[in-house]
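Which chain is which? They are A, B, C and D, in the order written, and residues in each are numbered from 1.
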Amino acid sequence: MAIEQLATDILDGAALRADFPVFDRAHRSGQPLTFLDSAASAPKPRAVIEAVADAYGHHYANVHRGIYELSEDATARFEAARKAVAGFIGAPSDREVVFVRNATEGINLVAYSWGRTNIGPGDLILSTEMEHHANLVPWQQLAAESGATIEYVGITDDGHLDLDDLQLKLARGPRLLAVGHVSNALGTINPIEEISAMAHAAGAIVVLDAAQSVPHMPVDVVRLGIDFLALSGHKMLGPSGIGALWGRRELLEAMPPFMTGGSMISKVTLAGTTWAEVPLKFEAGTPAIAEAIGLHAAIDYLDAIGMENVRAHERFLFQHAWDALSAAPGVRLLGPASPDEHAAVISFVLDGVHPHDVATVFDGHGVAVRAGHHCAQPVMARYDLPATTRASFYVYNGLEDVERLLAAIRATRTLFGVG
Amino acid sequence: MAIEQLATDILDGAALRADFPVFDRAHRSGQPLTFLDSAASAPKPRAVIEAVADAYGHHYANVHRGIYELSEDATARFEAARKAVAGFIGAPSDREVVFVRNATEGINLVAYSWGRTNIGPGDLILSTEMEHHANLVPWQQLAAESGATIEYVGITDDGHLDLDDLQLKLARGPRLLAVGHVSNALGTINPIEEISAMAHAAGAIVVLDAAQSVPHMPVDVVRLGIDFLALSGHKMLGPSGIGALWGRRELLEAMPPFMTGGSMISKVTLAGTTWAEVPLKFEAGTPAIAEAIGLHAAIDYLDAIGMENVRAHERFLFQHAWDALSAAPGVRLLGPASPDEHAAVISFVLDGVHPHDVATVFDGHGVAVRAGHHCAQPVMARYDLPATTRASFYVYNGLEDVERLLAAIRATRTLFGVG
Amino acid sequence: MDNLYRDFILEHYREPHNRGTLDPHDLHFADSNPTCGDEMSMTLRLDDAKERVTDVAFDGRGCAISQASASIMTDELRGMSLDELRQLDPKDVLENLGVPIGPARLKCALLGYKVLQGAVIGAEARWPDEADVLAGGSAP
Amino acid sequence: MDNLYRDFILEHYREPHNRGTLDPHDLHFADSNPTCGDEMSMTLRLDDAKERVTDVAFDGRGCAISQASASIMTDELRGMSLDELRQLDPKDVLENLGVPIGPARLKCALLGYKVLQGAVIGAEARWPDEADVLAGGSAP
């Protein structure tokens, strides 16, 4: 599709950049910062930074257990954050939302708690070749410990999850399918509604790694028909140290705790212990209080923009970037070409230049991208690449960032004498 | 000891309060805030709040994996925080410091990783009746899962750990002793150097719950002779969502990972995975980056005061409060009487008034205390109490807070007609 | 808190109504407040049709709020049918208590209600959802 | 970065010295850069006394920094004793590379050094401590 044929952009990335203090910082390159690594972690808007500072400064105390004003205040704000997360992902109840550090912990919680109760010798676990290590290694470990088998759904040459392979492997009756919504290494958007229906028909529950989708598009756990979902706050403009696991209530209630300690018990005696109700059963110890409150502010910020608009904006940038990079000499692109199937995460290889060198040269032009295996080594192995360079976009990016990316590519090829 | 005999205070709590924005807040009681619940979680000084805001605003990106200025900057600050924690507790190497959410996670990490590798059927685990649930329930769970036995070292009537009982139980050859440095329910300071020597002589490793000691006194892991130590940042003026586990390097290196995912691997293939070096092996996923940096600021703040001074100040406040409460009618105090053996954490019972009511009435006078079982139900059972009221002190408290506590006690007794 | 410890609350605390254990009884349950460990038990006697409450008593120690709330609530139970007990609205229990209850003391105020539900429904009775009960109420 | 990709670095990248695999050889090791997965192998031949390096070659694909660093380092190894190899200071490797290396590219610059240590010491060779190597250096 030619650039001229596209609609105008729905958001003004340059205007939104004013909300993010990091763009005021002087970059050592002397260039303005072109931040194209949001898939790793996103900058924070002033609203989030101030919500965290305000929580620490004026509303901070330990939650749940204090019978005094400050603790009641902190508890109310912490629980309001849980409600906000539930609302953001369409969870039927905020009691189904467990605060964790990040998506990784959310998935580990399911692997340890649901997994060790429900998976035994001879059982089959399905993950995919497309997964981030966070949605692959915990299942490998579970399989190794429990005597289960783990298999991986393959990827097609053009970067789709191989649904025929999925169907074949589902026919063997796995207990669980661990799948990502959006691949951080390829950008692929997987058809989760369809995949959940297939998995459920085969009797498997679905654990969705939504680390790369919840920040960038409307997500509704009921519509997707999944059983668990894990997300990270830091990728959606929120603080580090906070994420969420959502799970269907019956599943969460039937699961044993993961970590144990204060706040998650009902009664402790030297002879034994009983557990609190969900979600507290899964939140041992003092949680990331101000960080949950900061995540609430991030959700409010995204809701004010509107997730449909975030998606439309990124789709627009993706199309421009994809078309321009496709036309650029020496650039090899990974993942599906259709903007319906590809998030604004573009993994590419520059002929004759190693991705690490690409990233370093780009940095000299103020362009921040990621280079490496993106914590998805099996994807790299699938395409026989040691690494790729990845440019990922978010609300504060605009067409000018696509231009700077292209300029940096040209400069790199010139420097390495391959242009 | 009479109040007149004491030296003057070494710190000016009232002056330090100016560093903590929470004391500017108008309390609904109309009274100034007398915050006596630091053992649950501490208010944050401006230096910490600003360090977190600055990290988010100007130095934030994902760590370890980015080849661009912002990520290098964030990584350097994150790793500097690790060094600061190592220095603060006398760790021989910062490679021995693992960032976790809180002390609870630190202890769970040891129980899962060291525990499931080293504890089997018939083995004996020792914890104590004095522990916070965080240092008791994980060991109960480990025992239940592994077929090991767990026993608990008793408490004497005056609130000491019963060292004779410890010696008897050590003679039975436990693999591990889980013990707290300072009891959050009794205030007792345990003689850890002596206890570690006893445990090591019996062949047990020592896991120290230092959640209540590291914030309040100089702690040196080498001098204490322990094997693992867990701490929480939020109790030492730092952010929520960040804590640390320290462990002896040989032990950490021999342990399997706890959670798995990104950043903690060396190589992932569909056939299997190898792990990164310590401490990264134990830090799966994106860590609490800005929170670690905020903890560094809290450590700098405490170091500027000097931990010896913090301890001396709290000792002074303890003596005053203890003497005054001892003399007050209707007050029953728990724990050792000597300021050498009792941190500035005072658990008490008011005759004829339930601790929950005490806390609510106190709140009406602007005095924030904790009421309940303090996540130490076995301690409550030991003294046949449903709950206690607890007043705990920190750097920003002064003698005026002791006065307000006494006034609140008098008012409560009057209201309930027991005074 | 100023209007929490009103005289009638303190009176119910000092001299609770319906205190003790009925023996024999038709229904019995005991539970505790997870935030403080306070325990309460309740016994009920039913009419011959095993349909309506003829007598009720509660026991256990707790704070003024939990004791007063159970004392006041149990005063209302005689003559009620099991169905009516099951449908008892926790908001009404709070309203009958007659003092403003915030989230920190909610479980205290509802401990008696929770134990009653346990006696009628069994162990699967749950703590009411905090937000539901406090919605539109006097919570901060 | 401006002075990172100097001409001699790019030349070493395009035409690395000592590239390939020696067969037969006395020592061999392969390792990878955990941050990017780049793999490198190294083979060494020793003199008859099995004491000094007579020849060395490295293989594998990687970035300009890792290739140039291995190319430059291996140029220096012939004639060195095993003891000297073991005592090789990673700081000297960085200094020989002659361009400023920050923490983000440190493992690239030291991959050759790490593989060499593996060949001499075995699998227990560790990545040098970042802070030690960069101390007083050109790190940000």
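The definition used in the following text is that a contact is a pair of C-beta atoms (placed from the backbone, for glycine too) under 8 Å apart; a residue touches a chain by one contact, two chains touch by 3 or more.
Please read all numbers here as calculations on a predicted model, not as lab measurements.
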Contacting subunit C as well as subunit D are chains A, B
For the interfaces B-C and A-C, which has the higher count of C-beta pairs in contact?
B-C
Rounded to the nearest Å, the gap separating the Cα centres of subunit A and subunit D is 36
CA centre of subunit B versus CA centre of subunit D: separation in Å?
45
The positions of subunit A in contact with two or more other chains are 65-69, 71, 265, 267, 356, 360, 363, 371-372, 377
Where subunit C touches two or more other chains simultaneously, the residues are 35, 37, 104-105
Note: in the complex, subunit C contacts subunit A through residues 32, 34-35, 37, 102-105, 126-127, 129-131, 139-140
Inside the complex, what are the residues of subunit C that reach subunit B?
1-2, 4-5, 10, 14, 35-39, 61-65, 104-105, 108
Which residues of subunit B touch subunit A in the complex?
21-22, 24-25, 27-29, 33, 35, 37, 40-41, 43-44, 46, 48-50, 52-53, 56-58, 60-62, 65-71, 101-105, 107-108, 112, 129, 132-138, 140-141, 144, 152, 232, 234, 239-242, 257, 259-263, 265, 267-270, 272-273, 284-291, 356, 359-360, 362-363, 367-372, 375, 377-378, 381
Enumerate the contact residues on subunit A facing subunit C in the complex.
64-69, 71-73, 75-76, 79, 83, 94-95, 265-267, 276-277
Interface residues, subunit B side, partner subunit C - complex
353-357, 360-361, 363-364, 371-373, 377, 380, 386-387, 415-417
